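The following pair of complexes shares a single chain, subunit A, combined with subunit B in the former and subunit C in the latter.
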Partner chain A sequence: MNESAQTSNSIISARGLTKRYGRTLAVDNIDFEIPPGRIVGLIGPNGAGKTTALKAILGLATFEGELKVLGLDPARQRARLMEDVCFIADVAVLPRWIRVWQLIDLTEQIHPRFSREKCLKYLAKTKIEQHKKVKHLSKGMVAQLHLALVMSIDARLLVLDEPTLGLDILFRKAFYTNLLNDYFDEERTVLITTHNVEEIEHILTDLMFIQNGKIALDCSMEEVQSRYAEVMVAHEKADEARALKPMHERQVFGRHIFLFKDTDRATLARMGELHTPSVADLFVATMEGGEA
Partner chain B sequence: MATQWNDSQPIYWQLKERTVAMILDGTLKEGDALPSVRTVAAELQLNPITVSKSYQALVDEGLVEKRRGLGMFVCEGARKQLIASERNKFLKEEWPATLNRIEQLGLNAESLLAELANQDSSDAKSK
Partner chain C sequence: MKRLLALLQREYWENKGAFRTTPIVIGCIYIIGALMAVFTTAQFDNELYTFKESIRLAAEQPQDLRAHVLYQVLLGSSAFFTIVLWFVVFFYLLGALYDDRKDRSILFWKSLPASDTLTLASKLVAAMVIIPAAFLLALMVTHVLIAMIASIMILAVDQNPWTLFLSISQPIKAWGIIGLSYLAQSIWALPMFGWLLLVSSFAPRVPLLFAVLPPLVLSGLQTWIGFLRTFTLENNLLGIIARWVVNSPAILTVQIDDHEPHGGVGLGAPLDDRFDHSVTAWNILDRLFSIEMLVGLVIAAVFLAGALWFRHRATDS
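Entry: the complex of A and B
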């Protein structure tokens, strides 16, 4: 995401982005670029600054530093920005008293790029009935309704903050299938935060880890494949592996699993079969102090 | 379809290999259309870039062609080309290993053929 993206067509561009709450730095002087046509996973432990960063991007919080979203300043041009951005927040926020058809009417009145036709098409695939109130829908249905509304907006940036929290596995899978099938294309960009990294790791094109308000890792999934390697090594060879300065070491059944970054693959292959680390393993290694 | 991927090869490569296997076993015939990138991405929960890359690798090997506005199609002669390259791979890589094993176990052509004839006749009996 770094080198190629220093151009003006970035969807999001941050320079020295900082957010303070009193004396606490929630986001600490971060730089990043997100080009169009990517699905970026923003991943970090609780309290790392993910939601704060998203709020700044959506113009919901003030910040220091430079931030451009679709070329606009989210703090000052929020109304204009919202024509091209939509989001689902982790605190599912549809009013409980409203009926489904009222919500569709409302969104149509508020949002210039909302398509009622599309929305009804999505809803037809669900069991959601239009005369029902939000409070009478199941949690999964509320998420489906929210996604139907959001995907019916012709936006260039979709921000999803823990979109599948509390949903069962069928709903989660259907959610991502809809996203890939009906929404995403090379003009659009999705920024997504989640704790369920395993289930989205193949969907992502790029990965961003955030820890203590700083970016701990920022690279494409292709780079993960080419730059990081895991090797399982027998006990006798562990010291040999350690000499190559792995980023992280863990033990499974008396064998050592080392995670290397930018280490010659031929050298590593002599110690054992190379594997690409899962996002979850890479995350743990990075959070436990390995310089990513 | 089972969507298990192994972590020792890139996913685009594994997807390509699956498509190759489908051409070899005739599930995908010459002239057949491949499903769209979007469909495959949604079905297998992969990012579309991975799927495109996989399709591009098939194009590069001359197995699949892009028809403007229509999508991707299995080339005429793709199966023949694959069989030739798979035969070559077998003879160069798998056969020497198998041969090695045969020698290691003290087997030879006669004993192997005798075993084959033996199995054939017991198959015939069981029918």
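Entry: the complex of A and C
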């Protein structure tokens, strides 16, 4: 695909995106493209610039550099952009005073792509009562309600910033299952940040690691499988493995686990069993080892 | 337009106290006061003798005097509504762009395809039109209910309420003037509305302090400096604000006017002869076509632009 075609197709395209808070650079001159039909995990330690990047994408913060979301400038055209973008920031942002039916009414009147029918269908599967105020719902119910609202909007981009923070495992599982089964398709793009990497690992199509305001890794999950390998090596062979310049090394039960990037698989296979690294391990290796 | 209506609906749902409960409560206070007067009369006035006599005396008064007094009572009874309305609008605007930043729901509101300008407009329309209209409606209902109570009392002493006061009262005219005065007051108060929205849009906490302290400190300094220079207490911010209240197009005071045969209620407070304080539609509108108003509108525009600038940048942090 040539460069210009890719840009025009992209859901999000950033060039030299930078955000300063006083003297600190929260986002430091990053470039990336997110094509349609992907589920991208934006992963980074606290304060790495994830939320700042998301806020820029959503038109909630000013920034330097060039950023187009669905071809629009988010800082100037937020209202127009929000017709096609949905976001859940974290569980606590629905107004607490509002009643469920009022929330549905308002969203229906303000959002041109909202389907009341769909929303009521999703809500019927929950224990949420429509006359209740948001402040009287449990944390899990508020998340379900917000997800029901968002999934009833026919948007092209869904941004989730720690959507399941503070929820129990059952809710978290159900949240991602609903998202994948009822919402996601080839047209839609989802951008997720979370600390619970393990939880979203299986649904991601793309990974983006961010560290100190810079992108430390940006690749598809297929690339992760083909380019990265983890080998468990006995103590005697550890030096031999180290000679192949692994990205990262850790020890479990006296055995050494090495993570390699772009290293010949046949060579690695002679030293021990090969695995595709988990996103969490790849993340730790990237954060501690520097260049991915 | 549909979105603006939806946003106004939101303001109503979020601030039912300001839009609905408060005007109803004031109306109830009036009605309870009237009923208490009725029961007090029934309890202490032997066979309603005094009441009967006073109604008879009232009926003997010339019709134009009765009509004049009634009209003044209709206008004057709005003052309590008006003053509470000011407080309600003041605190409504102070919270308008602050509350959703504080509880982080701004992230939800900003996820809806409604622009910041439209959001700001909905708050301003609510403060300028909808809340005053709610107060006016409550006042009208109160007038009707009290007229009913009075009629029953007058019937009880064998007088005719229709000829005594109902036929000669001019409620539509009074309500029209009060409504006009509310609208004019909203425009007159735009500089303050703009200031409150501006404070509401940036105050990190306790917007009341941010709204009140800077003008107080500034006028304190001005008073001091001005006093050092001229030994008078004239052109400082506090003086301007005081003159602004004094000249407001709201029906606030009773005045004894030499030109009016019977005296009556007045616009603002008659402490300043820059404007005519007697209650006429012309005098209400006259304030809006003044240099003061023009300057005020420019100041309001600056404040509102500031509020919009902050709102555009506001997130949850």
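Couple of notes before you dig in:
Assume the second predicted complex is superposed on the first by the 283 of 292 C-alpha atoms of A that agree within 3 Å, B and C clash if a C-alpha of one lies under 4 Å from a C-alpha of the other, contacts with A are read in each partner's own complex, and residues count from 1 in each chain.
Basically, contacts are C-beta pairs under 8 Å (C-beta built on N, C-alpha and C of every residue); 3 or more make two chains touch, one makes a residue touch a chain.
Only a predicted model underlies this, so the values are computations on that prediction, with no experimental measurement involved.
More subunit A residues lie in contact with C than with the other chain of the pair subunit B and subunit C. In the superposed model, A:276 lies in contact with subunit B only, and not with subunit C.
When the two structures are aligned on the shared chain, A:225 is found in touch with subunit B, with no touch to subunit C.
When the two structures are aligned on the shared chain, A:129 is found in touch with neither subunit B nor subunit C. In the superposed model, A:204 makes contact with subunit B only, not with subunit C. In the superposition on chain A, contact of A:262 is made with neither subunit B nor subunit C. Of the two partner chains, subunit B is the only one that A:180 touches; subunit C does not reach it. No residue of subunit A lies at the contact with subunit B in one complex and also at the contact with subunit C in the other.
Subunit A meets subunit C in the complex at residues 55, 58-62, 78-83, 85-87, 89, 92-99, 102, 105-107, 109-112, 146. For subunit C in complex with subunit A, the residues that touch the partner chain are 2-3, 5-7, 9-10, 13-14, 100, 103-116, 118, 313, 315-316. For subunit B in complex with subunit A, the residues that touch the partner chain are 5, 7-8, 10-11, 38-39, 41-50. Across the interface of their complex, subunit B is touched by residues 37, 39, 173, 176-178, 180-181, 184-186, 199, 202-205, 221, 225, 230, 273-278 of subunit A.
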